[in-house]
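In what follows, chain A forms one complex with chain B and a second complex with chain C.
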Partner chain A sequence: MQKGYQLFFAILAVMVVSWLGLVVFPQVQLGNQSTREVKEIGRHYPTEPGSLVLNGRKVYQQAGCVSCHTQQIRQSGYAFDLVLNEVGDFPESISSKLVEAGKAAGVQVTNEKAQEQMANLPSTFLERVDFAVAQEVLQIFKDSGAKVAPNILPLGSDIERGWGPRQTVGLDYLYDQPLLMGQQRLGPDLANVGARLNDRQWHLKHLYHPRSVVTKSSMPAYTYLFDLQPIGEQPSPHALALEGDYAPEEGMEVVPKPEALALVDYLLSLKIENPVFEAPYMFTQAESGEANNVEMEQAQ
Partner chain B sequence: MSSKSKKSNQSKKSSNDREPGVSKAPISVIFFVVTVLLAYWAMMELNTRAGGFNRYVYGPYESYKVVEAVQPGSGDDPIKRGANIYRNICSPCHQASGMGAPGQFPPLAGSDWVNVEGPNRMLRIVLNGLNGPIDVNGETWNAVMPGFGDVIASDEDLAAVISYVRNSWTNEASICTPEEAAAARADSGDRGRAWTATELLALPLEVQ
Partner chain C sequence: MEENPTSKSISDQKDIDRSYHFPTLLLVTKAAGWLLLSTLFSLVASIKMHSPTFLSNCPWVTYGVLLPAAQNAFIYGFALQAGFAAMLWMTMRLGQVKLRGPGFLFLGTVLWNIALLVGILGLMGGGQSGYAFLSMPGFVYSMLFTAYVLIGGMTLLTFFKRPAREIYPSQWFIYASLYWFPWILTAASYALFASEPARGVAQAVIHAWYASGMTTIVLGFVGIALLQYLVPKLTRRDLHNSNLSAFAFWVLLLFGGFTGLLQAQALPAWVGTLSGVCNGFVAFAWIVLTANLWKTLQGAGAQSSDPLALNLVRLAALCGLLGALLNFWGSRPGMAETVQFTLYVQGVYWLQLFGFVGTLLLVAAYHFLPRVSDQENALSGPFGWKSIMALYVSGSILVSLVYLLGGWKQGKALADASRSFLEVQSAAMSFIRVSTIGELLVFLAAAVLTLNLTRSLVSYLVGYVACCCNCKNESAQ
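This part shows the complex of A and B:
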C-alpha cells in the first residue's frame, strides 16, 4: 500500500480530534459539577432522588416514556421588567427620571403617568426591555434615592407554554443517570411536570387512560400498570375515581400497581422551581411558599 | 516477437494501474484561501458565541459577565454595593488593599477597630471623622480623618461600606444593617466635630 502511514495518521488524527471535541472537552467543561447552595431557596440543589423516585425512574425507562417526552426546557432570550420599589427622599426628581427612562426604552411616558406609577408602589414602569436599555435605565436612577429593581424574564416558546420558569442547564441533570433528556417531543416536555401538574390522582388517571383527562391526547393507555379487580368488602383506598366511558363495570375497581405509584412519584419529583446562577429568573417569595405547601401535601 | 513484448508491456502497465499512485500536483490557491477563510470564520464564531466555553454560560446569555450582571437582586448585596462606595470614597487613603499608608493612614485590613462585635465605633468614625492619636494593632497613628456623614447620605450605603470593610481582605465581622447605620446617625445628631480615640473607646461596641 502506498502512503499507508499517511492514511493511518490521517484517520488517527480525525478520531483524536472528534474524541477531544465530543468527550474530553465537554467533560472538562461540565464534568465534576456538584450540588450547589442556591441562596433563593436556602438549600443545596439538586437533591439526590429517593429510592421510590428511582424505582419510578426505572418504570419510566421501561415504559419508553423517553421516546416521546423530553425533559429539557429551551430558552431563546431574556428581557427585563423594571420595577420601582421605593421613591426615596427626592420624589420631585423621580417623575422626570421616569419620563427619561421611558424615552430610553422608546415608550411614551407622560408626567401624569409617572405620578401615577409613583403613587402605586411597587410599580412595573417598563416591561420587557432588553439588557442594554435596562442598564441605561438603572444608570438614570443611580444616586437618585429611588429603588429600581430589574426583574429578569426568561423568554422562549417553551417558557410561554408554561413548561417551566427557565431553561434547564447541566446542573439539573446531575443525578440523571442515564440521561433521560429525550430527543423528540410527541408529547409535552416533562422537566417541570411535578410542579405544573401536581396531582397524584390526575397522573394515575392519565396513565390508565389519557383520554379520560386530556381529550386530544395521543398517548397510549398504560393499562398494564393497573389491576382491574372486583371490589372487596370495602373499596380500595387507591382505586381510581373514573367517570363515564372510562369507568370500569359495576362491582369492579381499577387499582394502580406499585409500578404506577412509583412512576407517578418520579413524575411528581420532576421540578424546575428554583433559579440557578446559569439560568436566573425572578424568584418571588410567594412562589416558594406555594412550593412548600405542595411539598406538605405530598408528605400527607 | 514484437507482438509478445507489447503484450508483456501491457500486462505490466495494468498491474500498476490496480493500485493508483499519488502524483504531486499543485493545490489550487482558491481552495487554500477558502479553507483558511472558513477556519477563520469558524474561530470567530466560537469566539463570539461559545461564551468562552465557560460552564456557567448557556445561550442566550453571551458571556460570563452578562450572566453575572443579570443575576436578580445582586444589587442588594451590601458587600458588592459597599465595594463601589469604598473604591470611590475610602480607597484614596486606605488603599484598595485596605492596608493604608505607613505613617499616614492606618490599615483597615486586620485592624482591631474593625474586627469587633459591633460596627458602632466604625460608624461614628465614618459619620463624623477622627482626630488625634489612635492605637491600631499596637501602633500609634496621629492623623485626621474627615467625616463622611454628608457624602454617604443614605443609611444603606453607609451600612454597605461598613459591611464591605468588615468582610473584606482578612476581616471577618458582622454585616452592618441599615437600621444600625440609621441609629448611629440619629445618635450622632448634629455633633459636627470629629471623634477622638478616647471618646470612641467610651462608646459601646454595638449600636444601641
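This part shows the complex of A and C:
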C-alpha cells in the first residue's frame, strides 16, 4: 500500500468495524436493559438509589475506592442439594430409589438411612452433587410419586468467602453511572458489603482508621472524612466510639463529616440479596439482611 | 535502510532537522515533566501501602486518586507527547520534508498541556470519572481533542507534503496510531460522558475498548514504528522482510482493537471470548514482528553505531513481545479467572507501557534530539543518558516482574477460599512494597531526564533571544 489515501481508507474501515462491534453493538445488546420483576422478592429489581446513596457514591468515586475494590462476585458453577419433600403413595419403592440415588452420587445409603430420611421430611438426601448427577437422580424419581426438588447452590471462592450469594449479572449495575465494577482486589469485594457488614459504626471506624477494627488491615486511613473537635455541651450523636490507641485525646471527639456518612450510606446500600433469572440460587427470606459480626473480622 | 540520504544534500537535511528543533524539544521536555509527576504519584501511592496513615488528611492524595493520576499523567503527558515528537521526527526523516505549521504545533502543545494540567488537577480535586485511562473529568477530553487536531493535523499535513512518496512500514504504524487516537477518544468520551451516556455494563465494554485501543494500537503502534525505524538505523541494515511487517500491521490493526475486554461474568460471554481469541492473534503478530527484527539484528552488534541503544531496543522489543504473550496467557480460560483482579494486570501494563513504549521513546529522544538541535546531546554527561536508562530500565523491569509474580500468587490465594482475605492481602502487599524500590528508580530516572531537558530547553531559548537581539542590533546599525 503505497498511497496515503489507500492507507487512510483501509484504517478507517477497520476503525468503523471495531467501533460498531464494541461501542454500537454493546449499546444495542446491553444499553436497553430495564428493571425486572423478581418473584422471590415480589417487586422489581433493581430499585433506583436515593439521593443519600448517590451522594455517597460520588464520595466513593472521588476517593478512588474503585482502584482497590471490585463490585463483582464471581461464580465457578453450581452444585445441587436434592431434597425429598413428599414420599407419595408408594413409600416402599422410595426407599430403594434413595439407595439407588446414593449409588448414582457415589454415596453409600443403607435401607435404614433411607427410612430415616423418609421419616424426617423435608429431607436433604444428597448434598452438593453436580448437574449430571442431579439430573440422573431426578430421573430415578420420575413417575415414582415422590416429590424431589433440587436446591441450587452457586459455587466459587467468592461465594465460599461469603462475599455474596450468587454471581453479579448485568442487571445488578443498571443504575450504576459511572460503572464502578473495579478491576483490582487490594481490598475485599464490596458488591454485597451492605448485607454482610451492615453495622454503620463499624464502617465509620473502618474509614477513620481501618486498624481500629481490623488489626492487620493495610487500607489507608481516610481521616479527612472526619472532624477532630472538642466535645461541646453534649457529645455529638455521630461521634465514633474509638478505643485504645485510636481514641482521641481527653475532651475531644471524632465526628464524621457528611461525606463520611454518605459514603457509609452508599456502602450499606450495596446488596445482592435476591436471585435473578441469569443467576438462580436457593433463596430464603431469613438469610437476607442478616449482619454477621464474626464475619466482619473474617471478611477483612 | 528506510530513508534515502542521497535525495537531499547534507545542508538541506540540516535545514529540515532544524525546523523540528523547538517543537520536538518542547514536546519531549513537557513529556519528561509529566513522567516525573507520574512516577512521583506512583511512588507516593506505593508508600501509602506501607504506611496507611501517610498523608491521610488530604483528599487529593488518597491511593485511589494517585493511581489514576499517575496512569493518566503517564499516558497523556509522557507517552503521547513523546510519541508525537517521535512521530514528527520519523515523518520528517522518512519523508524528507520540513515541518509544516510549527506555530499551530506550538499552540497545540501548549493547549494539550493546559488541558492535561486542568484534567489532573480536576481528577485530584474530586472530579475523577471512575474509568481507568479516562479518569480525568469529562470536559477535558474535548480540550485534548482540540489540541490533538493541531498536533496530529500538522503531523499529517507534513506527511502529505513529503517529496519522498514511498510509504515505509514505520509510517503505516504511525498513521494508524494518528488516526486511531482521535477516533477512540471522541467515540468513547461521547459514549461515556455525554448528557445521555451509555448505561449499565455497556459502559464496561466501551471503556475496555478505549483502554485496549490506547495500549495496543495508539501507543503500541508508536513503539512498533520506533522499533522498525531504529533497528535499521542502528544496524545500518534494511528490515529483513517488509512483507512480514505488513502482515503484522494488518493483524494487529484488525484484532488489536478487540483485546483487553473484561472477563467479567456480568458481561455477555462473547466479550471475554472475543478478547481472548484476539489476544491470541495479537501475540502471533508480535511473534512475527519479533522474528523479523531478530533476523534483521542477527550478527549486527559489531556494525552498530550505538551498541547500548541497540541493546535497549532489543530489550524493549522483548518487553513488547512478553507483554503480548502474557496478555494472551492471562486471557485463556482457566488462567483468566486466576489473574483477574490481581497485580498481574498492573504487571502487564508496566511491561507494555513502561518497558516497551517508554524505553523506546527514551531511546528515540536520545537518538533524535542531538540531530535536530545540532548541539551536544542534552542527555550526555555523568548524569545523562546512561544513568537515566540504567535507572529507568531496571526500575521498570523490577516493577513489572514483581507485579507479575505478585499477581500470580495473589490470584492463587484468591482462588483458595480456605485462605482468609487478610492472607491474600498480605501476600499482595509484600510485592507492592518491593515494587516501591522500582518506582523510586524510575522516579530518579525521570528527575534526571527532566533536569537535563529543561536545561537544554532554557539554553535554546536563551540562544534564540540572544540571536534575535543580535539581529536587531545589526539591522539598527
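Note that in this section the second predicted complex is superposed on the first by the 279 of 300 C-alpha atoms of A that agree within 3 Å, B and C clash if a C-alpha of one lies under 4 Å from a C-alpha of the other, contacts with A are read in each partner's own complex, and residues count from 1 in each chain.
One rule holds in what follows: a residue touches a chain if its C-beta (ideal position, glycine included) is under 8 Å from a C-beta of that chain, and two chains touch if they have at least 3 such contacts.
Quick caveat: nothing in here was measured; it's all calculated off a predicted structure.
Asks: On chain A, which partner's contacts cover more residues, chain B's or chain C's?
Replies: C
Asks: With both complexes overlaid on chain A, does A:S96 touch chain B (first), chain C (second), both or neither?
Replies: In the superposition, A:S96 contacts neither chain B nor chain C.
Asks: Now for A:G77: first (chain B), second (chain C), both, or neither, which partner does it touch?
Replies: first
Asks: Quick check on the superposed pair: does A:Q29 touch chain B, chain C, both, or neither? Answer first, second, both or neither.
Replies: both
Asks: Which partner chains sit in contact with A:T124 here, chain B, chain C, both or neither? Use first/second/both/neither.
Replies: neither
Asks: Touch check for A:A63: first (chain B), second (chain C), both, or neither?
Replies: second
Asks: Quick one: is A:Y281 in contact with chain B, with chain C, with both, or with neither? Answer first, second, both or neither.
Replies: First partner only.
Asks: First (chain B), second (chain C), both or neither: which does A:N151 touch?
Replies: First partner only, chain B.
Asks: Based on the superposed arrangement, let me know which partner A:Y222 touches: chain B (first), chain C (second), both, or neither?
Replies: A:Y222: touches chain C, not chain B.
Asks: Check the residue A:V169 against both partner chains and state whether it touches chain B (first), chain C (second), both, or neither.
Replies: In the superposed model, A:V169 contacts both chain B and chain C.
Asks: Could you list which residues of chain A make contact with chain B in one structure and with chain C in the other?
Replies: Overlap of chain B and chain C footprints on chain A: residues 1-3, 29-30, 33, 75-76, 167, 169-170.
Asks: Touching residues of chain A toward chain B in the complex: what are they?
Replies: 1-3, 25, 29-30, 33, 75-78, 80, 131, 135, 138, 145, 149-152, 167, 169-170, 275, 277-283
Asks: Within the complex, which stretch of chain B touches chain A?
Replies: On the chain B side, the touching residues are 19, 21-22, 53-61, 66-67, 69-73, 75, 154.
Asks: Within their complex, state which residues of chain A touch chain C.
Replies: Residue list for chain A touching chain C: 1-4, 7-8, 11-12, 14-15, 18-19, 21-23, 26-27, 29-31, 33, 61-68, 70, 72, 74-76, 157, 160-161, 167-174, 176-188, 209-211, 214, 216-224, 298-300.
Asks: Using the touch rule from the top, collect the residues of chain C that touch chain A in their complex.
Replies: 48-49, 52-54, 56-59, 62-68, 126-132, 159-160, 165-167, 172, 175-176, 179-180, 183, 187-188, 191-192, 197-209, 213, 246, 253-254, 257-258, 261-262, 264-268, 271, 337, 340-343, 345-346, 410, 414-417, 420-422, 424-426, 428-429, 432
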